[in-house]
Amino acid sequence: MKFERYGIGIAKGMALTFKHLFRPPITVQYPEEKLVVSRRIRGNELVWYPDRCTGCATCAKSCPQGNIEIVTHVGDENNYVVDKFEVDTGRCMFCGLCVESCPYEALAMGLSYERAQYRRGQLVLSKEELRLSDVRQPSGYARPKIEATLPEQSLLVNWDREKGGQKLSLVPLSKKRGRGV
Amino acid sequence: MTLLEQFQLWLATMWPEWAAYVTPAIVGVVIVIAFALCMVIVFIYFERRLLGRFQIRLGPNRLGPEGIFQPIATAVKVLLKEDIVPAKGDKWLHWLAPLVVFVPVLMIFAVVPFWEGAIFIDLNVGIVYVVAISSVSAVGIYMAGWASNNKYALISALRMVAQVVSYELPVILSILGVVLMVGSLSMSQIVAAQTIPFILLQPLGFIIFFLGAVAEMNRSPFDLLEADSEIVAGFHTEYSGMKFAMFYLGEYCHALAYSCIIATLFLGGWRGPLLPPFLWLLIKVVAVFFVIVWIRATLPRLRVDQLMSFAWKCLLPMAVINLFVVAAEVLWLPESLPWIMVVVNFAFAGALILLWSKLFTLGGGRVEV
Amino acid sequence: MTIALNGEEVAEKIRGAFPGSVVAADKAAVIVTNQSLYQVAEFLKNTAGLDFDYLTDLTAVDYLDYFEVVYHLTSLKHNHSLVLKTRCYEREKPVVSSVVNLWRAADFQEREVYDLMGITFEGHPNLKRLLLWEGFVGHPLRRDYL
Amino acid sequence: MAIKTEPFILNIGPQHPSTHGVFRLRATLDGEVVVDVEPVIGYLHRGIEKLAEGRTYTQNIPFTDRLDYLASITNNLAYVLAVEKLAEVKVPERAEYLRVITAEMMRIASHLMAVGFFLNDLGAMMTPVLYMWREREKLLDLFEMVCGQRLTYNYMRIGGVSHDIPEEFLPALKRFVAEMPGFIDEYDQLLAGNEILLVRSKGVGVLPEELAINSAASGPVLRASGVKWDIRRADPYSIYDRFDFDIPVGSAGDCYDRYWVRVQEMRQSVRILEQAIPQLPEGEVCAEVPRLLRPPVGEVYGHIEAPKGELGFYLVSDNSIAPYRFRIRPPTLINLTALKDMVIGWKVADLIITFGSIDVCLGEIDR
């Protein structure tokens, strides 16, 4: 093991790091600047449409963790009435199999990724909490129609490192805290 | 005569002798320590931002404009942390070690000339004092490693002792080259003698001193005692709160002190055209520190036996040869022709580095167990 | 393409060397008796033309009546493969001889099988639990472990 | 006269900066020299093999994501290939190409991680890691675009893949493929010729060829030891026989060779991507497969060349909806077998880099 090549390799490496000193940083200042996530993002929540759901429990059967709890009773028109639709997102691994398997598109992955809570119990989402709302928007995962309406994802590959600047499409800090997009 | 001594003489005309002696000394101590600590805080911020930029990220930028208050926030955070002493550790040594590391490093600044005459005390053995006092902190680190009752800390402490002992020799020998040319050990004399910065007159001496200094202040690629991928945090694994802050400050103080010494010995100290001398020193110190951070951002670290053999097989013989060459040149070359010496020494340094790269291997291989 | 050797042909060769060692053989696999496993493995490894120098995978399956220890052997030299199996009908303390001496690769995998399936490998130098801690009761991968 | 010393035991891990997860090395040291080392694992054991016996074949796909979480796509691929072999499912052409494209992207991403952290173990202060993460980030963006997540993709399905790619995927991937060789050159410039890297890793942690084969090392670890064995070539699965690529082979089997092989493999993966993108046919991406698949009684061993080595799935079916036995052949666990022989006699620092050069992933070791 000789100390070969007289330190030329070290000098080359030093030159490269020096060159990087003049490249713009690629990091994003997170809470102020947010990148646009993928249209198919499997955010950490689910969106449930009560009007479309027939209570067939296909989602519950396809869930590898057995997280989805559905209780139904037979209604007046010989249909299922959903009494309870509860998802424990604390145990959910957001694989999306339930969304893919739903035959009536009554379930969708959420768009938000900021769903941290202080208590595990708060992660169990009930029927009301799972509904579509201002802060709970569906993503286009396995839902091509929704996918087409969402903005284009920001990609680091398309970011021009020679020109620098913010070529990444960023979403400025929204006024409403907790709004994920 | 230094500014401090002038101040003392002036005070002595009004005050009793002891007060005239003590008061300026205290003022001087406060000024020097304030300078050192302020610069350390600046350095911490500078290093973190600079490393960030080397690694194409931003570095701390949250607190204050461009994050300039980040070191203060870090300091407050560290100071508020719980002080933990290992249950079976040596309590007294554990408490004493940070002081033993930190105080000697601060004492180095006593002999750093900031300006013509602006030196705390112009010892006639200034450079010897620097070498002597800077190795005391190794004792502190060994104390920390021993007192922690932690195997990682102990390994780190042992590495530290071996490293400091090995690198002290080439460092001293390369300083001797400078001393031979100046003919004095005093720091202010060394600065005064540098009409041409000694980096040009003694390139090899500079390289050896620089590498030795980097090793002595335990920074990459010689940061074996804090090799976080091997021995976690090394000797300060078991330290927290205020005591850890002392080590942290001590480390950066060490870096600052050695940057000052390198600037003084080889880069002409406060000498420079146009700008005020103090600013020149600062520029040089920051430049040296920039190179240290740059190296840290680029290079992997050496292994412990390679580190040792690098000191004993490469740096030490080269330093000895360098010393002989400088002695010969001082003896026989006419003093009026320094530029010949520049050319000769550069050629010589290049030849020696090539030769050593060809001849010597670094470190041992597998050990039979 | 790795050629999966016909188990019946290999079984013939094994029978030639060790009569009575082969329990059954079909296209996919050769099943040998528990006692002759080590000799057969050695034979497969060292016979020219077979040269199974690479133990890809070692595992066990619990069929409730018996345990089946499965060895997936590959020869990097000839690029062919073979599945070797052995069975033990003992449920309390099943024992199979270890092949660590032939293939170091069996080291962790035998420990894993011992840990999760409870099959003792005789001759393994360091047969301890691998994934679970010492003192864990039961062997989770058995079908009757709940 | 020799100084009498006593060896002592150092627990490296489970909480240690360079054990790449919760891994514990019980090392016996004589000063700095490693006398003995014993890996202690199981801190991340989740019993996936047992869990899988109670779930349907499709439900097991997300579990395979959690094996080697740095290369989920290849885990998915190995599993679905095994199931398809068992149930004799024909995969559409477009799906095959998408599988190869994503698998090669995954290989680059995984190797970037491996090389970066190997250099970090060498003490290069995060810089190479961050440079390599930049490229990995681009790939993760693309994965996110296709399957909606950045680490656990759950992309492959039995009979194909879960989604077709969106339109903006191919232009972005082409751009990545075009600029990636330049970045690999930059990494080479940064460290491949670095003298410190050379003295630290050349000749260190040597795994001789016979031992590598005997201990069934696979992937870059095996190839660095000089064995030209790549399952993509030796036993082509999917459509790998249609692409032209080289198998980089090391000679010494030391840490540097393992590093070098990985860097070269990234170049080869880029080559495969370059060939696969123009050939991508139109069509379906998933065959019609019953949701509750009941494969015939039998057993199958399917293996692929995952970034870290030979990843195999041994499935036994009893014609029910869940596998009877679900066995994973974890490449990194088996690569660790020879760790002891590689590090004894070297220093602690060498132990760390040898371990780093094997490129372990604890999700896979412990399962």
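So that you can tell them apart, the chains are marked A, B, C and D in the order they are listed, and the count of residues begins at 1 in each.
Note that a residue touches a chain if its C-beta (ideal position, glycine included) is under 8 Å from a C-beta of that chain, and two chains touch if they have at least 3 such contacts.
None of the values given here were measured: they were computed from a predicted structure.
Engineer: In this assembly, which chains make contact with chain B and also with chain D?
Structural biologist: Chains touching both chain B and chain D: A.
Engineer: Specify the chain with the shortest distance from its C-alpha centroid to the centroid of every protein C-alpha atom present.
Structural biologist: The most central chain here turns out to be D.
Engineer: Relative to chain C, which chain has the most distant C-alpha mean position?
Structural biologist: Here the answer is chain B, farthest from chain C.
Engineer: With chain centres taken as the means of their Cα atoms, state the distance from chain A to chain C in Å.
Structural biologist: Chain centroid spacing, chain A to chain C, equals 45 Å.
Engineer: Quick check: how many Å separate the C-alpha centres of chain A and chain D?
Structural biologist: Spacing between the chain centres: roughly 25 Å.
Engineer: With chain centres defined as C-alpha means, what is the inter-centre distance between chain B and chain C in Å?
Structural biologist: 62
Engineer: For chain D, jot down the residues that touch at least 2 other chains.
Structural biologist: Each of 127, 131, 134, 190-191, 194, 196-197, 199, 203 in chain D touches at least two other chains.
Engineer: At least two partner chains per residue is the criterion; list those residues in chain A.
Structural biologist: Residue numbers touching two or more other chains: 1, 3-5, 7, 10, 13, 16-17, 20, 26.
Engineer: Residue numbers in chain B touching 2 or more other chains?
Structural biologist: Counting only residues that touch two or more other chains, chain B contributes 54-57, 297-299, 362-363, 365.
Engineer: Output every touching chain pair, sorted by label.
Structural biologist: Every pair of chains in contact is listed here: A-B, A-D, B-D, C-D.
Engineer: Show which residues of chain A lie in contact with chain B when the two form their complex.
Structural biologist: These residues of chain A touch chain B: 1-7, 10, 13-14, 16-18, 20-21, 23-27, 29.
Engineer: Please name which positions on chain D make contact with chain A in the complex.
Structural biologist: 55, 58-63, 65-66, 127, 131, 134, 137-138, 141-142, 144-149, 152, 154, 162-163, 166, 168, 172-173, 175-176, 179, 186, 189-199, 202-203, 291
Engineer: For a test of understanding, state which residues of chain B touch chain D in their complex under the given definition.
Structural biologist: On the chain B side, the touching residues are 51, 54-57, 151-152, 155, 220-221, 223, 227-232, 296-306, 362-363, 365-369.
Engineer: Where on chain A is chain D touching in the complex?
Structural biologist: Contacts found on chain A: 1, 3-5, 7-10, 12-13, 15-17, 20, 26, 37-42, 62-64, 93-97, 100-101, 109, 139, 141-142, 147, 152-158.
Engineer: Would you pull the chain B residues touching chain A in the complex into a rising list?
Structural biologist: Residues of chain B touching chain A: 52-58, 61, 294-295, 297-299, 310, 314, 353-354, 356-358, 360-363, 365.
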